[in-house]
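Quick notes on the structure that follows.
Chain IDs A, B, C, D, E, F, G and H follow the sequence of writing; residue 1 opens each chain.
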Amino acid sequence: MTWSIYLSGEIHTDWREQIEAGAKAAELNVAFSGPVTHHEASDDCGVAILGPELNKFWHDHKGAQINAIRTRTLIEAADVVVVRFGDKYKQWNAAFDAGYAAALGTPMIILHGPENAHALKEVDAAALAVAETPEQVVAILRYVIDGALPGYTDKRQAAE
Amino acid sequence: MTWSIYLSGEIHTDWREQIEAGAKAAELNVAFSGPVTHHEASDDCGVAILGPELNKFWHDHKGAQINAIRTRTLIEAADVVVVRFGDKYKQWNAAFDAGYAAALGTPMIILHGPENAHALKEVDAAALAVAETPEQVVAILRYVIDGALPGYTDKRQAAE
Amino acid sequence: MTWSIYLSGEIHTDWREQIEAGAKAAELNVAFSGPVTHHEASDDCGVAILGPELNKFWHDHKGAQINAIRTRTLIEAADVVVVRFGDKYKQWNAAFDAGYAAALGTPMIILHGPENAHALKEVDAAALAVAETPEQVVAILRYVIDGALPGYTDKRQAAE
Amino acid sequence: MTWSIYLSGEIHTDWREQIEAGAKAAELNVAFSGPVTHHEASDDCGVAILGPELNKFWHDHKGAQINAIRTRTLIEAADVVVVRFGDKYKQWNAAFDAGYAAALGTPMIILHGPENAHALKEVDAAALAVAETPEQVVAILRYVIDGALPGYTDKRQAAE
Amino acid sequence: MTWSIYLSGEIHTDWREQIEAGAKAAELNVAFSGPVTHHEASDDCGVAILGPELNKFWHDHKGAQINAIRTRTLIEAADVVVVRFGDKYKQWNAAFDAGYAAALGTPMIILHGPENAHALKEVDAAALAVAETPEQVVAILRYVIDGALPGYTDKRQAAE
Amino acid sequence: MTWSIYLSGEIHTDWREQIEAGAKAAELNVAFSGPVTHHEASDDCGVAILGPELNKFWHDHKGAQINAIRTRTLIEAADVVVVRFGDKYKQWNAAFDAGYAAALGTPMIILHGPENAHALKEVDAAALAVAETPEQVVAILRYVIDGALPGYTDKRQAAE
Amino acid sequence: MTWSIYLSGEIHTDWREQIEAGAKAAELNVAFSGPVTHHEASDDCGVAILGPELNKFWHDHKGAQINAIRTRTLIEAADVVVVRFGDKYKQWNAAFDAGYAAALGTPMIILHGPENAHALKEVDAAALAVAETPEQVVAILRYVIDGALPGYTDKRQAAE
Amino acid sequence: MTWSIYLSGEIHTDWREQIEAGAKAAELNVAFSGPVTHHEASDDCGVAILGPELNKFWHDHKGAQINAIRTRTLIEAADVVVVRFGDKYKQWNAAFDAGYAAALGTPMIILHGPENAHALKEVDAAALAVAETPEQVVAILRYVIDGALPGYTDKRQAAE
């Protein structure tokens, strides 16, 4: 079984690349997906494809709905959803994705620094793991997919 | 049919009271519900009932999970979910509730000022109405529940 | 058990009133619901409540989405959906409601004249009854709710 | 992931071929499906296979139900449903499919000219995109599947 | 809580009346439902209401579909489904109802004589109880609804 | 897409082989499944594997439940369910499977001779096609999967 | 809204009575349900109603399946499930109920002493609260239903 | 079709290896999955990856939740769930998994010795087979997947 992992949230740092590199190094049988991470494309896709809007609200609306075709399809197809909250912006779309995954009953890993812990307590309470670093996310995926936990399962293997 | 309306989000202004008063004045057949709006009780309910935690993360976690017993039950029972975003705090729990309702397919009305429109575009894109005032929310409820629209349906009734 | 019957489709003739009167005369334990049938209110509710739009598309969109709060909630709550196709307009919203009810697995009765039979064959194929008159719809409801069929069940009762 | 795209609606122009050619040119990882587009076969399949009917209603009914074996299976398997409304016929089956997909929560793209916008407002209101040309549908699919938006993502790639 | 009990199957003996009388005597909080038990009305309801058919197949089809409006609605609303197999007829509709309830996950009680046990083994295997008499069905309902088991719970009550 | 077709019902004639041969000749992209068709194995699998029972009821019960592991899994995985009613036995398991598939919303084709039409009217009423011969079932599958209808689609191809 | 609370697990102490008394004292709008708590009746209901079995396995099986009619119906109807683990017996049925509620997504409160914490860690991990006393369960219900938290919400009310 | 079989429960004997070896010898088209069976890794995965906890309850909680990412994903993906109860420990997690699978409607095989039959009667009552040895589980899988029953189907093949 190939595990489908959706990486939601922050698009301005390289946390996705770190997780993907870590999963590749660990040779995990995973397929990653996520939103379009090109900020301007994500904002403008609606008007760029379907024509301009005078009203900024509808400019945003058309783009957000097209992005939803992608994000909802991929979240519904995911086995695990990882949601990253960073330092900038409101990030309501990240919290929205977390609520969406929670209602679907999809296991979630939330990734954020300790400074956001109180504000994210409702989101964290719906998750099965709360991590602070991409390395921890990779370690969780490695454990849940391959059953490998350094310092434990490698010792048994070594002993055998 | 009594319509169940869940009022999610901001707990520091009286928007819930305004909507409830408006619905009462319009004699709508509705039952409102929402989260516990006493901020300190909401933060501390876990430790107050189940015992203290040294670690703030678990203090928050126990409280957030007890709040989830209430909020998830009432959101799942709701016919319409209204989500209010105000001026303060991160309000990730409001966006989480919106994502939760969206995945359930429950009709949503989002209530916020124009200054948050761009940041909320993904949330708004999942809603069936985006309002700026509690009065507008009441007017929507009055229309969808009773089919009454001032300037339209009252004229017909007057003419009859 | 009170049966919830949603009456979808044509809003320019009195077919709803006929069905409701027939059900009342037969003393059926039913609660009827349906869309807002005031044509102008239905078209303009979005802009009347949430403010005007320069672009007619968004004028329509805001109204249609507010109407959807009502129609989807009531269709999902219905035990039986009756969809009426009349002589005028495109009536794509009626066919849309039929598809919606079909996907939910809700029993449907379609009501239309023989002139539309070929064009409605896919819709009819998803229904459990295809009627031509409101009287037939009432007779079906009377039979399925009370088990009463004139010429049959009344004879047994008369004989007893 | 191969995206499954169901193309519903009009069968008398080459819009499906245009979308399929565009997707092929863009090398999208998609599999298209749709109804049987041979008009007479679609009308007569019931009687041709299962035997003739004297009554035109049952002639149509048998055919429409056999077509439903195909269309419902493929719509339920689709990740995205595109519904095209053309110039001719009542096209109630297209609106029916849109309602069906809406109730399943499947993302929809509606394709029609501006002359039908008002009559299709309820259908459009349930969609995540409303396009006027097959090229726009291809552009949306290219963006949501591959994250590619000409004028945006190609510039970044060019710069790298 | 009022328990909804659907009584499916045989319509030519008074097993329903026996169960209903037993439940009434035991003062159970139940509401019974079932198919229309007037044989001729059940056969002819389609043509009696919607007009005659030359072809017997469609005569039957119209009636069976109208009966399905009643039976599917009531089976889906039931907490417990009791299915009775008697001595006469093919009774495929009874087995159909059992399969329908099984797929819904609704608890089933099957009621039949020992002579049909082998032929009904697949149906019985999907049930939570297999009874031979209406009295046993009443005793099961009394136990599962009120927790009363003669010879057991009455002794405790007597001792208290 | 490979279509999964479950062949339920009669196990004493070669109707399954006929359908499979016809599908192979037509080069349909299908995978067939069905119950274990070895009558004695099907009856005795429970006691043969898990040990004998003195009571015939439990002998049957253990076997029927093991068969259910197979049949429910494959029916739930099926895109189309074909149910065959033959001349012998009660065949309540066939009707049970039809009810099961109906509740799942899976398209059904019922296969039986005209002599059983009246007794099967409730089952037929839940199907999308009622055939009399395996050849007709193959023709339906060929049409719904490949869109091929002899006398129609071959002419267009010939003309092109 | 009346909250339905299912009380699963241990039947040999008066924890249910304590919770019910506490809820009554707090005037909560709740309806409690649970399994039949008469141990011998619960063990013997199958054979007492449906006839004796020579084999103890089937004696147990018939009783356990009849109990399942009650427990599954009430668990599926519950808004909150409380599962109590006591000092005696294996209590696998309590853990089974917890797994059942978890898969349904129903909020759970687990009630047990600290000595069982490690063995129950998987069960606790699926719950929204882990309590040690019936008083804590009452306090949680009071908070989630009425929003009342002594030392918090009463102070505000006192101040007003 | 490759059957997905989840092997839940006891982790201190080699019953999984026996079943897997038997399935391999029988050349069954199956994919097995199960929990992480390294006891210490399973207990400590939470703190090993996400950092230590002073409180043993949260140490366990973090680990149990990470294990749940694996177990719930694989149970939901399984066609058949086998649950083994052994001689040691409380094994509430095994019973929890059984309840979880039961609520999903997934066919279950329970594997335990006769000494636990009474205590497991509620769990067994939700299963489609109760086995005592891994060999029996393999025989069931072989029968339900390949339709092969030694002493029955091999004779027919031999005769042909």
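The rule is short, and it goes like this: a contact is a pair of C-beta atoms (placed from the backbone, for glycine too) under 8 Å apart; a residue touches a chain by one contact, two chains touch by 3 or more.
Note that the structure is a prediction, hence the values are computed from the model and not measured.
Q: What angle, rounded to the nearest 5°, describes the rotation that places the Cα atoms of subunit C on subunit E?
A: 90
Q: Pick the pair from A-C, F-G or C-E whose contact list overlaps the A-D contact list by over half.
A: That would be C-E, since it shares over half of the contact pairs of A-D.
Q: Any idea how many Å lie between the Cα centroids of subunit D and subunit E?
A: A distance of 43 Å separates the two centres.
Q: Between subunit F and subunit H, what's the gap in Å when you average each chain's C-alpha atoms?
A: The answer is 30 Å.
Q: From the C-alpha centre of subunit A to that of subunit B, how far is it in Å?
A: So the centroids are 26 Å from each other.
Q: Using the touch definition from the top, which residues of subunit B touch two or more other chains?
A: Residues 65, 67-68, 130 of subunit B each touch two or more of the other chains.
Q: In the complex of these two chains, what residues of subunit G are touching subunit F?
A: 53-55, 58
Q: Taking the complex as given, what residues does subunit D use to touch subunit C?
A: Answer in residue numbers: 56-57, 60-61, 63-65, 67-68, 71, 85, 89-104, 116-126, 130.
Q: Which of the residues in subunit G come into contact with subunit B in the complex?
A: Interface residues on subunit G, with respect to subunit B: 1, 3, 79-80, 107, 109, 128-131, 136, 139-140, 143-145, 147, 149-153, 156.
Q: For subunit H, which residues are in contact with subunit A within the complex?
A: These residues of subunit H touch subunit A: 4, 31, 33, 36-38, 40-41, 44-46, 48-50, 62, 65-70, 72-74, 77.
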